[in-house]
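Have a look at the structure below, then the notes.
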Amino acid sequence: MLYIEAIRAALRDALLEDERVFLLGEDIGHFGGAFGVTKGLWEEFGDERVIDTPICEEAFAGAAAGAAWMGERPVVELQFADFISCAFDSIVNVAAKTHWRSGIRLPFVIRAPFGGGVRGGPFHSQCPEGWFIGVAGLKVVCPGSVDDAYGLLRAAIEDDDPVLYFEHKALYRRLDGAAPDRATRTALGKGRIARAGSDATVVTYGAGVDLALRASEGLDVEVLDLRTVWPLDRTLVLESVERTSRVLVLQEPARSSGVAPLVCSLVAEEGFVHLDAPPSIVAPPDTPVPFAPELEDAYLPTPERVRGALEELLAY
Amino acid sequence: MPTEPCADAPEVGRETRLQLLRLMLLQRYAEERIMSLYRQGRIVGSVYTGYQQEAVGAGAGLALGPDDVALPLNREQACHYARGVPVAHVLRNFLGKATGPTFGRDGNMHFGVPEHGIFPLVSMLGDLCPVAVGAALAFKRRREPRVALTFFGDGAMSTGDVHEAINLAAVLQVPVVFVVQSNQYAYSTPTNRQTVNTNLAERLRGGWSIACERVDGTDALAVYTAARAAIERARAGGGPQAIEAVTLRGHGHAAHDDARYVPSELRERFQDPIERLAARLAADGLAPAEIDAVRQRAREEVAAALDEAEAAPAPDPATLLHGVYADPISS
Amino acid sequence: MPTEPCADAPEVGRETRLQLLRLMLLQRYAEERIMSLYRQGRIVGSVYTGYQQEAVGAGAGLALGPDDVALPLNREQACHYARGVPVAHVLRNFLGKATGPTFGRDGNMHFGVPEHGIFPLVSMLGDLCPVAVGAALAFKRRREPRVALTFFGDGAMSTGDVHEAINLAAVLQVPVVFVVQSNQYAYSTPTNRQTVNTNLAERLRGGWSIACERVDGTDALAVYTAARAAIERARAGGGPQAIEAVTLRGHGHAAHDDARYVPSELRERFQDPIERLAARLAADGLAPAEIDAVRQRAREEVAAALDEAEAAPAPDPATLLHGVYADPISS
Amino acid sequence: MLYIEAIRAALRDALLEDERVFLLGEDIGHFGGAFGVTKGLWEEFGDERVIDTPICEEAFAGAAAGAAWMGERPVVELQFADFISCAFDSIVNVAAKTHWRSGIRLPFVIRAPFGGGVRGGPFHSQCPEGWFIGVAGLKVVCPGSVDDAYGLLRAAIEDDDPVLYFEHKALYRRLDGAAPDRATRTALGKGRIARAGSDATVVTYGAGVDLALRASEGLDVEVLDLRTVWPLDRTLVLESVERTSRVLVLQEPARSSGVAPLVCSLVAEEGFVHLDAPPSIVAPPDTPVPFAPELEDAYLPTPERVRGALEELLAY
């Protein structure tokens, strides 16, 4: 099953199993969504479970919160994660803060197709997860495998907090795997060891997982898939670094944004005594995402770049 | 000018009239106490009142059914009382108490009361409108005969959120009611610097194709009647509804603002909603003593509530991290 | 149904008519080449066309004066040509060339041409409207007789940005013109699922109190005439103006979308703007050979431009960090 | 001269010296702004230089960009920095990316009163600067002194890039100093050594500067005032840490947001060999800003907390 199919399966199973689940977004009904993620669901579940909206990200994110307040479990689709900037206010002020200041639960999910490598240019390639790192009250997940595409989405829908679910566009049809079982749930807040190793730790998520595994082939390097990038699975990271004494953070957001600064600062603050080398970061330079293949290929992390940085780290 | 009684509204019974009077008085007296606590430094931060706009929150709030939900703002304290929120609970929030609706985490009217179907005010103007639409969408999907009602000001109408929310509501035809607090000002900005056509009901009909009645917001009976009609139209499947309640913000924007910029000619055009309803009740034949008794009981209710609120415990800093998440992640 | 010529517009001279035809043809032929390059994989990412909406960008663009500024979107390639942008420059952007308007950093019509007074498209729908208002505010402040013109779609009208921008423009009474591309769809969503009243001109007048003429967007002369009138009203101090140009998006939303959801009855209601203007010119007495010559020259212009664009250098990755800041900080 | 007066003076001098400068915002005209920053300017400069707007942060931020495109130098006031979430989309997508993708300069400034300690609660106390750290194309400044309140604002207005100017509400009337000279400019991108020292480096900005100076009295500790929090003055930080071998980052945004993660990651990555102790962070916990004094006082950094952390760091 493809990554994109696992997302669709998770939506379908959630719709089947829980009346409170419904989908909200632009062109997700008869059209099946810009990337076809919701294909067939409108036909199967009808107008009241798969709801096309006007173009108003802020309003439908807020409406999802309102429906969640009333006990529903809406799942919003953004056409591209880039447009999360349009719903930013509602996410950080309504979704994030409501439980803390009222005890009202807002169980809803925003699905956002993110990431580059699809020649989308600066407005259709962004990795906006960094904006939400540190926003108390939100949970932010980024599946990096077919299993997690399913398991994280099911868990996010069942979770009682608002969850941002960033699905990587370039993985939709690149990752293939066994169809996840209907009972598969990936616990929020828990990363996993994608491959055990002892000489260094690569902390990554999303498209970085596959990339890190490929780039570190033949090395005795541990690859951590964070799965939930906020709140961080601190224990997983710190325990691994304690064992390996070397850490590399690999991310697709530009160097000074995203998840790497927080992970690095955590390791530096709390894992300092274990470190035998400075933490290393592989990430694009601090620019928007460029369009032309020559530029985007230079911008994005590649297996070679990750390998190079790893070898340097191991040689330190 | 002598106080002009509320226009008669024969379908509104005496019980309801008295109830409206009580709700407005609770807001009035509670806000009086709040202002004086603020001046004494016993309430910190800033303080917003709904002085002379009490009829709007009271009328719209009372028109709701018990299973309906409300998303009121700062000016609509009486809406909380209409929903059954105890005065002490409101005051505990102003006082930052641990047992208040935000556990001391937010002040003012910035709180929700889940058990009374009230969503917490979010300061970013417009943000509540989409939430109301979403609640109404839930009702529609589940075929529940319930309505969500929210408020926004003449100023907030300029925000993208209000536009997006009303349009979304209109397209989805959900049972939501928007009450526009058309109180002549947004902070220091008069409505004619906020929008070209200050008749907001006309704008709402023409721009968003939703029904919108324009009512005198100092007339509690008129607000109640219009709100009730709008709520019942929404409940009956008529889609989103609006009411523009025309008032004047009686105080400054917040306690620090003396509102010198409000011309006195404008002030003269608006009467006090409480006195207007009292005058109506008097014209109805209610004895002055009975009206005074309502006032007295409200005053006592507020005084007792204040004692209760002040006695409540302050929040414990150790609890700060509690409830950031409903499902906390252990790590 | 035979092609219905554009309605006659006696005030539009032959030169202008021919120019409109040329601009539409440049867009049509350039987009044909773009689509085929895309299918061959020589243009990457995705591709949006303005097929059968060419009259709107051409008419509005040509109605602008040389010192006016424009903020066009994807469907208005002809607006760029009206402003004098060379076809090769447009194609260099689609091809991601170093010497294109975004230096290979963005694709499609997502570019500005500062020397022609064109601001770069920002994908977030609605984002350009406030920018247009701000440019117009600059003109008003400086008492310059200039106008800013931008476009938005029936879909984008649901965004908060469009609402906020038009209201701001109306309050500030700045010389901005909004051209609404009312092309029946936003991606797969028909206008009646976007808004209750699909007559957007009515909405704009009723909701935002701005003048808005509704014109046939397949009639280049009608668009040109209405745009010109709106622009000159704005220039003369009449405040913000709008035009709703009614068309049908001729292709799918983007190259990957076959637009199967567009019913054929709807397709039949819209004619090709280029053929309509050609028919008008024929009815005016222009010889078929002369019209063919215009077509031929446009085709050649596009072909030559494509050769030029393809020969342009690819961007050098070493330049990626250049120009992030206008005033870079050395550290 | 008070910090707030220095801001007003900078606006006034810029209005006097440069026709292209004008102010845009809510209630900034006859009312003089929610905090009185623009008091008297409307009377002096009139309707076309001091422009009241409807309530539409996204639109007037975008309009500032449009006017800047036309060669103006607008200065926008947000009533509270918290409402920057409403203008977020325009800031990160229009303001930030335009020069890089077109060569068009957008010289404008957004002034945003931020910070806590005023019992403002979760929506009137936020420090949103972290959301813009790493956003290529933006510059973000936070004056921590009267001189910089003036000098950074003048420099920001004269700069050719969009600049976010976060002014701390609690400093408005707390900081007092000599009236800055009209020629005062604080270079963007350059921090300063607020007090030299050799045993440790405190990296901070905004209200943290005064706090750090007070908290470290009697210690031989260097206090750096970043002034510009993005892009970071890397050299200043790294050179200081090289000398002191110990670093503490003090910020008012919650621990996992703001500037600290980036500063820490920079020091860890590039200053690792110089460090004799793990980098330390003093910042509020990861919650929204609470209202009640008992809570806000526990939330915000205090001299005692900074002192305690410093002593621990020095004793490491």
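For clarity, chains are labelled A, B, C and D in written order, and residue numbers in each chain start from 1.
The rule is short, and it goes like this: a residue touches a chain if its C-beta (ideal position, glycine included) is under 8 Å from a C-beta of that chain, and two chains touch if they have at least 3 such contacts.
Fair warning: this is a prediction, and the values are worked out from it, not measured in the lab.
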| item | value |
| --- | --- |
| Farthest chain relative to chain D (centres taken as mean CA coordinates) | C |
| Distance from the mean Cα position of chain B to that of chain A, given in whole angstrom | 40 |
| For chain A paired with chain C, centre-to-centre distance based on mean C-alpha positions, whole Å | 36 |
| For chain A paired with chain D, centre-to-centre distance based on mean C-alpha positions, whole Å | 30 |
| Residue list for chain C, restricted to those that touch at least two other chains | 102, 105-106, 110, 122-124, 158-161, 164, 167-168, 171, 193-195, 324 |
| Interface hub residues of chain D, defined as touching at least two other chains | 54, 56, 58-59, 82, 85-86, 89, 93, 97, 100-101, 122-123, 136-137, 231-232, 286-288 |
| Overall pattern in which the protein chains touch one another (line/ring/star/complete/other) | complete |
| Residues on chain D engaged by chain B in the complex (per definition of touch) | 26-27, 29-31, 34, 52, 54-56, 58-59, 79, 82-83, 85-86, 118-124, 285-288, 290-295, 297-299 |
| Residue numbers on chain B that touch chain A, as the complex places them | 69, 101-103, 105-106, 110-112, 114, 119-120, 122-124, 127, 129-139, 141, 148, 160-161, 164-165, 167-168, 171-172, 323-327, 329-331 |
| Chain D contact footprint on chain B (complex, rising order) | 44-46, 96-97, 102, 104-108, 110, 122-125, 155-156, 158-160, 186-189, 193-195, 261, 314-317, 320-321, 324 |
| Contact set on chain C toward chain B in their complex | 158-161, 163-164, 167-168, 170-171, 193-197, 202-210 |
| List of chain D residues in touch with chain A within their complex | 82, 85-86, 88-89, 92-93, 96-97, 100-101, 122-123, 130-131, 133-137, 230-232, 253-258, 260-265, 267-270, 272-273, 275, 277-281, 286-288 |
